[in-house]
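Shared chain: chain A. Partners: chain B in the first complex, chain C in the second.
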Partner chain A sequence: MTAPLLSIEDLRISFGTRTSDVRAVDGVDLEIFPGEVLGLVGESGSGKSVTARSIMRLVPMPPGKHVSGRILFHGDDLATLPERAMEDLRGSRIAMIFQDPMTFLNPLFTAGEQVSEAIRRHQGLNRAAARAETIRLFREVGIPSPEMRYAAYPHQLSGGLRQRVMIAMALSSRPELLIADEPTTALDVTIQAQILALLRDLQAEYGMSILLITHDLGVVAEMCDRAAVMYAGRIVEQAPIETLFDDPQHPYSLGLMNAMPRPDLPHLAPQPIDGSPPDMAHPPPGCPFHPRCPYREPVCAEHVPLMRAVAQGHGAACHFAGVKRFEPVASAFSTAARP
Partner chain B sequence: MTRLIVTRLLTLIPLMFFITSVVFFLIRFVPGDPARIIVGNQRITPENLENIRKQYRLDRPVLVQYGLWVRDLSAGNLGRSYRQRTEVRTLIVDRLPLTLKLGTFSFLISLGIALPLGVVAAVRRNSWVDVSATVFSLIGASSPVFFTSILLILLFAYKLNWMPALGAGDGGFDQFKHLLMPALALGFSLAAITTRITRQAMVESLTQDYIETARAKGLSSRSVVLKHAFRNALIPVITVAGLQFGFLLVGTVLVEYTFGLGGLGSLLVNAVQVRDYPVVQGTTIFIAAMFILINLVVDVFYGIVDPRVRYDGRR
Partner chain C sequence: MAVGVGSLPGNIAAAPEAPSTWSMFFWRLRHNTKAMIGGAIVVVLLAVALLAPLIAPKDPNDGELADSLAMPGQGYVLGADKNGRDILSRLMFGTRTALGGAILVVAISEIIGVPIGIWAAYRGGWVDETITRVWDMLLAFPPLLLAFAVVAAFGPGLEKAAIALGILYVPFIARVVRSVTLVQKEMAYTEAARALGYGQGRIIFRHILPNCVSPIIVISSIDIAYALLDLAALSYLGLGVQPPTADWGTMLSEGQLVLLTSPHVALAAGLSIVLAVLGFNLLGDGLRDVLDPRQAQR
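Up next, the complex of A and B:
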């Protein structure tokens, strides 16, 4: 097996508020291998964005933030790397694209300026060369009439074009790892498909790894080689993509799948998971998912389940992973009557 | 952009006409007979008093006076001062350089204090710099300029004898020395507000998503703050700074009195005191026009800073 490109070891991030300590990330272990697309899936508030941002050390710094654990990238621990070295790494070896390309582009600079700024920063090109390179990148990410778009401001571009500008910016230094935080959530469905196709093509061409953060299992199924499911600041299941969909070993993963609309199986109405994610200032004892779990047993409220391997490359943090057969019966997850 | 400037200059005409008409009638509501004030305590026969009135058209009905004044105005004639027996235009032209120098000087001092202080306070929120900036703003905003002026005079002119206390000096470095303290007093008080606005706008723009993009690109904190955040924070700062510069044209009057300077502000206030109608009207017109022009400049600046408000309609 090849060595991982990036490995996160026991990452814990908490934010101290006046009244309590919120554990946003609660002991995450994750490896990303060269050339793979890894999906990080979970509901809002599950800690997936914070985990991803902590790789780039972009988690905002409110008072009382605590980080522990290691983030190893080519032997460097990104959690303790000096800020200057971190700046050199950001946007060159690890790059990131974001959810809403409108608010993530600076409204006062042209699209071209914002991309060529990144090129000049990392490749030391002069203005003219950076401009030429930006226009080449614009063409590569499928921006029509790139010379004209170079001088366009973000508000003059459509959502899809803006996201292409972000992608051009992120790819400008040929990163080894691209972190994509919900890159299609703010876009129209048709544009979503285009952007995903573009990311897939570019990934194949550049051979980079992608960490794709999403709440959409459909996107995961389409894009990823492997996926990690996050719940309440922890990874609850990790598996190659076919295994995850065919043989989920954590009730939460199964719940997510049952909650997915299935246009191919119109008689199966999506079944939402009852309840809501726990308050991370006061997480429940034992397994954080047990209050919502239809398969819970007394042990679930007492002991936190550890990640256990159920097969090669497939692990789940459930006391009954590999023991109980989680029936893929949608009704098990919802009291709502089926149609 | 050109269209904006031309439209604005055209709206200037009715606006100024309106403002000056209001002033024309308002000043006449103020009790006190200008002819009597011109004469002062000297004894005078009723005939001579009537002659003075006639000379300055004060014997005519107010509406007729108004019509004659508008006629003069459209010919570019601001009239003659009752008191100083000089053309109002000459009075303004005489006083203007000092006002502009003092205004610009204090404006630069204000921005020189407020912009760096506001930016650092926003970047290091809740640090000692931020707390000091807040205290500075509080003191600055709550000390009247004549109070700070007097403190400055007491300290630097009276105690230490480093600075001249009164007058405008004889040009060049001497004038710089004379204007330094009044400009400091004004700049200090203006900086109080601008610091708050700058800090607020910087805090706001530093929490925007594009700041994260800029950091994710690998830019240093310095360029993230000074290039990406500061430019966005400039918009509210320009608004306030523009208003302040307009205010400085007359708002310097307290400082002018304290330091014995003759600027536009004291020209206007003195004229009101002696019911020197033409001077009051002329100065007001002039100041109103300047104010409108400054607003125009502010709007042009908006367009330069923020492409979303460019006015040429090109997309």
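Up next, the complex of A and C:
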């Protein structure tokens, strides 16, 4: 097996509030291998964005606090790297694209200026060369009339085009790892499909790894080689994508799949998971999911389950992973993966 | 006009060329009555200040004692003061000290206030707390009172008065800049800039400062009006511009002595001050509407 490009070991991040510490990330172990697309799935507040931002060290501290854990990238621990070295890494070897490209582009500069600024920052090209490179990138990410769009301000572009500009900016330095934080959430479904297809193509072409953060299982099924499911600041299940959908070993993963609408099976209404995510200032004892878990046993309220391997590359943090059968209502993968 | 569409892939029609930012700005400026009136007054005053030696009918400091307190008409457009000096010429030269002094005050306060405001907001924490407490303290004093103290310590004069007022005006600029920076700092594109590996300096100067420019322009225009008034007050009290230099404030205090017999002396200076303050205030108000259309109330 190849060495991971990035490995996160026992990462814990908390946010201080007046009364108590909220543990947003509570012991995450995650590895991203070269050239793979890893999905990080979870509902709002599960800690997936904080995990991703802490790789780039973009979590504001304070109020955030790095409690423990290492983030190893080519042997460097990104959690302790000097800020100057971090600046050289950000946007060059690790790049990031965000949810809402409107607010992530500066309204005062044209799309082209912003991309060429990034190019000049990391590649030291002169103005003219950076402009030519920007237009080439615009063409590559499928922006029509790139010369014209170069001079367009963000408000003059549609959501899909703005996201393409962000992608061009992120790709400008040929990063080894691209962190995509809900890149399609703000876009409508047809544009969503286009952007995902573009990311897929570019991933293959550039051979980079992608960490895709989303709450949309459909996006995961379509894009990812592997996925990690997060709940209450922990990774509860990790598996190759087809295994995860066909043979989930954590009741939460199963619950997420049963909550998906099934246009192919109209008689199966989506089944929501009862209850709501725990208050992370006062997480429940034992397994954080046990108050909502239909399969719970007394042990679940007492002991935190550790990640256990159920098959090669497939692990779940449940006392009954591989013991009880968590049967999907119907195979979710075929529907989730939209054509 | 389509730009090079023929060479591009796809059959996307060229969008009509969007009006440039500048032409939009001027269009809105032209349709804003306040800005236009204020702007016209300011332009006229600036022109008078620049051209004073060419257009003034007489030497402002050369008095003809026989014509002491001459009424308007009689060879003097606006009459003469008690030393027989032409009031119109003195008003014209007074424009130079008034505008020059006020602009100096605002320039000093910006050179100090803009970096302080940005730094306080960007660093946050105890730096922000300390700086804002200090300027809250400065704001608690009436600027004129502190200016008196400075002039009392260092002696009267336009430059000293302007420097003192400039420092006292720092909080007015700095708190506006701070509040804009606080908003900008939390904007998603600032985070995106950090994600692109930009350092603090680049983020502040390239991404935050340009977003502060329009509020700075607006507040400057309004602060110039205040500075003009405060400088005139200092001169009126004999703490600013020293005779015989022509200045509206000193003219006002000279005119006050003969207010009952020759009101035109004080009136000319007073109306000039009113006009200039009105001009800069209108311009500032109008510019705010033009630069931030969301705030404009019709």
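In this text, the second predicted complex is superposed on the first by the 324 of 339 C-alpha atoms of A that agree within 3 Å, B and C clash if a C-alpha of one lies under 4 Å from a C-alpha of the other, contacts with A are read in each partner's own complex, and residues count from 1 in each chain.
In this section, contacts are C-beta pairs under 8 Å (C-beta built on N, C-alpha and C of every residue); 3 or more make two chains touch, one makes a residue touch a chain.
Note that the structure is a prediction, hence the values are computed from the model and not measured.
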In the superposed model on chain A, is it clash or fit for chain B and chain C? clash
In the overlaid three-chain picture, which partner chain does A:Asn106 touch, first (chain B) or second (chain C), both, or neither? both
If you stack the two complexes on chain A, which partner ends up touching A:Gln156: first (chain B), second (chain C), both, or neither? both
Which holds for A:Pro144: it touches chain B only (first), chain C only (second), both, or neither? second
Touching A:Gly91, do we find chain B (first), chain C (second), both, or neither? both
So in the superposed three-chain picture, is A:Leu6 touching just chain B, just chain C, both, or none of them (first/second/both/neither)? neither
Which parts of chain A are touched by chain B and by chain C alike? 56, 58, 87-92, 95-96, 98, 100, 103-108, 117-118, 121-122, 153, 156, 166, 169
Contact set on chain A toward chain C in their complex: 56, 58, 84, 86-92, 95-96, 98, 100, 103-108, 117-118, 121-122, 139, 144-148, 152-153, 156, 166, 169
Chain A-touching residues of chain B, taken from the complex the two chains share: 126, 208-210, 212-221, 228, 231-232, 305-308, 315
Per the contact definition, I'd like the list of chain A residues that touch chain B in the complex. 56, 58, 63, 83, 87-92, 95-96, 98, 100, 103-110, 114, 117-118, 121-122, 153, 155-156, 166, 169
Contacts from chain C onto chain A in the complex sit at residues 3-5, 8-10, 12, 14-15, 18, 21, 187-189, 191-199, 202, 206-207, 210-211
